[in-house]
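Before I ask anything, here is the structure I am working with.
For reference, chains read A, B and C in written order, and residue numbers begin at 1 within each chain.
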Amino acid sequence: MLLSVKDVHVHYNKIAALRGVSIDIEDGDFVTLIGSNGAGKSTTLRAISGLESPSSGEIEFSGNPIHRLSPDRILKLGIAQVPEGRRVFKDLSVLENLRLGAFTRRDERAIKRDLDSVFHHFPRLEERSGQQARTLSGGEQQMLAIGRALMSSPKLLLLDEPSLGLAPIVVEEIAKILVDINKQGVAVVLVEQNADLALDLARHGYVLETGRIALEGPANQLADNEHVKTAYLGI
Amino acid sequence: MPLLEISKLTKHFGGLTALNDVSFSVDRGEIRGLIGPNGAGKSTMFKNIAGFYTPSAGDILLDGESIRGHAPHEIAGRGVVRTFQETTLFQELSVFQNALVGCHLRARTNIVSAVLGLDGARQRAARQKAAEVLEFMGLSERRDQLASELPLGSQRALAVAIALASSPRLLLMDEPFAGMNPEETRQMMDLTRKVNDSGVTVVLVEHDMKAVMGLCRQITVLNFGTLLTEGSPEEIRNDERVVRAYLGGGHRL
Amino acid sequence: MGANKLTHVAGTAALLIALVILPGHLKYHHQDFIIFLTINVLVVVSYRLMTLTGEWSLIHIVMMGVGAYTSALLSKNLGVSVWLSIPLAGVSAGAVAALLSFPLFRMTQFYFLIGSFAVGEAIRLAWVYFVYPFGGSSGINTIPSPELFTIDFMEPIPYFYLVLAVVTLCLLILHRIENSRIGLTLHAVHWKSPLAESVGVNAWKYRTLAFIIASIFVGVAGALKVHYLGNVTPHQFGVGTMVFVLIWVIVGGYNTFYGPILGAIVLSILDEAFRAFEAIRPAIYGVLLIAAIMFMPRGLESVPGWFRERLFRKTAE
């Protein structure tokens, strides 16, 4: 088991955001979390990456507990998060942004190899490597945010709403790249409002409702589930 | 005469041309969709219309009169109001106070009247208008909650309520459906139709094609800062250029 | 809400009664102290209009000086009655602010802060440079006191009552402004200026308005000060004094009307209490300041709410 989230609770002040969430992710898995706004999808990601500390429950990564570790330690262990809203350093160049993603690493040769692999996934970033990030289009900025996360050479990639505010054709392009990245052996956890897309890409899905797992199962089965259809797919 | 006429609009930022010689017009009572790839110039177009940017060339006519280069508050005074990408609200104020800020044009007062309380009638009228728009947008029960405590769907509804409080003729909506689930999207579509039925012309920038195709009879497509095409949802869906530039394979439309 | 309002009204009434009774029981030196403290309350509360719009300026104290010089010159050189020169001090500070707003409000935030500092220093230099009429760096002396029947306003107690009356009136007006439509609009301009503009608010006009009103009231405060001191110099309005105002506001809290008042009163009293330890006074002050920021990041204004919450929980249990 690569990642195992066991009965995690998270509270903001006194309000429970997660009330016992359990998720299992295998090596090379592709998992999606779907659910309404405020159901706890982003909080789950933030708990895994160490940005929120659980009030109870455990999170294990490759068998070791990580729920007491700081975000930078968790990143070093191999979990990278792409936050919502295409957050890139707008005044830095594309290349500088990517190099910042390898901030915790020293091995120049391995960094170079990962940079090549990012450029392989995103040829457009290579074309624009000297440009300031603010001059990129929204889709390219999202690609840069994903590329930066890949530069830490993660075993697990967490993505929060990567399709938000992007043109349909760009969403499609990013979706293809996510599948490619996953095929190279990086496990992916995808949080998406676009449940249609998410269940199409992922192998396994979890449906969050008011801080709990309401449903889980293989993604294609969830897509046929009547409740999921009416509540999240809008069919 | 169209309500809004964009005539040969061009906007440069330094060496970059964000909009290049774009012309289109919107009729009174329409819900117009404005779509295109990220960076095609849709938001720049909105900012030019609402006065946040001054066009480099070309003109913007509202009811035949130029509003080019006027300040945002002046353009709001003429009945053009925009909502913002993502949720822009006064988070630390109550829902009612948010709507009340929207009533600025009917409630503004001078300092002497404010101190001596001589503006009572104006303020009562503003409070009444604020209550009306909240009722209209289905937010009456939440009027005393803080804006930051609302769920996303209600926050977007409140953003529209603030805009409506200033009694606009033309409402520019910037990605009102982003991040919404199907249920929230449905409710927001109903509200948008209701706003339109009450006599407000709407221009909508949005990537959610279900919403755009469902709401608009006419869609304008921008690409690389130029007008790519205009047409009905059916025409747009089948336009090879739009598919290539924007819609993609489109099995998820 | 009801209980909250009741506490406010009762608290304000108790404070006023205490202030009316208190001075007779104080030593001469402490009578001086509460006069300046009351004036300083007007200084911080008028500054609140600036913090409401989010544009923290460094020129506020210099505007106080504009009021002070105006009232001093009018009453001493032109023989204008002090009763008239005090309101005129406010008018002139407001007029200067209106003129300065043209260059100043081309800037916002950090640039505005630095710009306001530079313009303020320029005004202070003018007071030093133009010996006529400002008296250079030694300023203006023998400024007349107000006269009314046989009351001797050179004495601290009568002058204190005068200051108390004027400051109370000013605070009432400022409170009304903050709770009016204009206060709501200033808040809107501060937090989401583009949203406010999109529904028709002229943000520039409201920033200017706040600056002018703040200057009018701090101008009055300046006039009250000089007619008690009897002299005015450029050094009284330096940036060092401005830093004290900022500290009062930050320690008191800037989310409520009474926060800055609390800050000014509590810190001034502490400062006074440590007068005996002259040598280490700045150090004590510094430690208190750091402690306040660490333990009360939302300022002294959060303390009553904290107690109320405790009390409620007790009674609920």
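Convention: a residue touches a chain if its C-beta (ideal position, glycine included) is under 8 Å from a C-beta of that chain, and two chains touch if they have at least 3 such contacts.
Since the model is a prediction, treat every value here as computed from it, not as a measurement.
Overall, the chain located most centrally, as judged by its C-alpha mean against the mean of all protein C-alpha atoms, is B.
Set against the C-alpha centre of chain B, every other chain centre is closer than that of C. Per-chain CA centroids place chain B at a distance of 42 Å from chain C. With centres defined as mean CA coordinates, chain B is found 31 Å away from chain A. Here the CA centre of chain A is 51 Å from the CA centre of chain C. The residues of chain A never reach two or more other chains; the list is empty. Of all residues in chain B, only 50, 52, 71-73, 76-77, 81-84, 88-93, 97, 100-102, 104-105, 107-109, 111, 114-115, 117, 119, 122-123, 126, 162-163, 165-166 touch chain C in the complex they form.
Only residues 36-38, 85, 135, 137-139, 161, 164-173, 193-197, 200, 231-234 of chain A touch chain B when the two sit together in their complex.
Within the complex formed with chain A, the residues of chain B that make contact are 16, 36-39, 85-86, 151-153, 175, 178-186, 207, 209-210, 245-250, 252-253.
Chain C meets chain B in the complex at residues 173, 176-177, 180-182, 184-185, 187-188, 191-192, 194-203, 209, 213.
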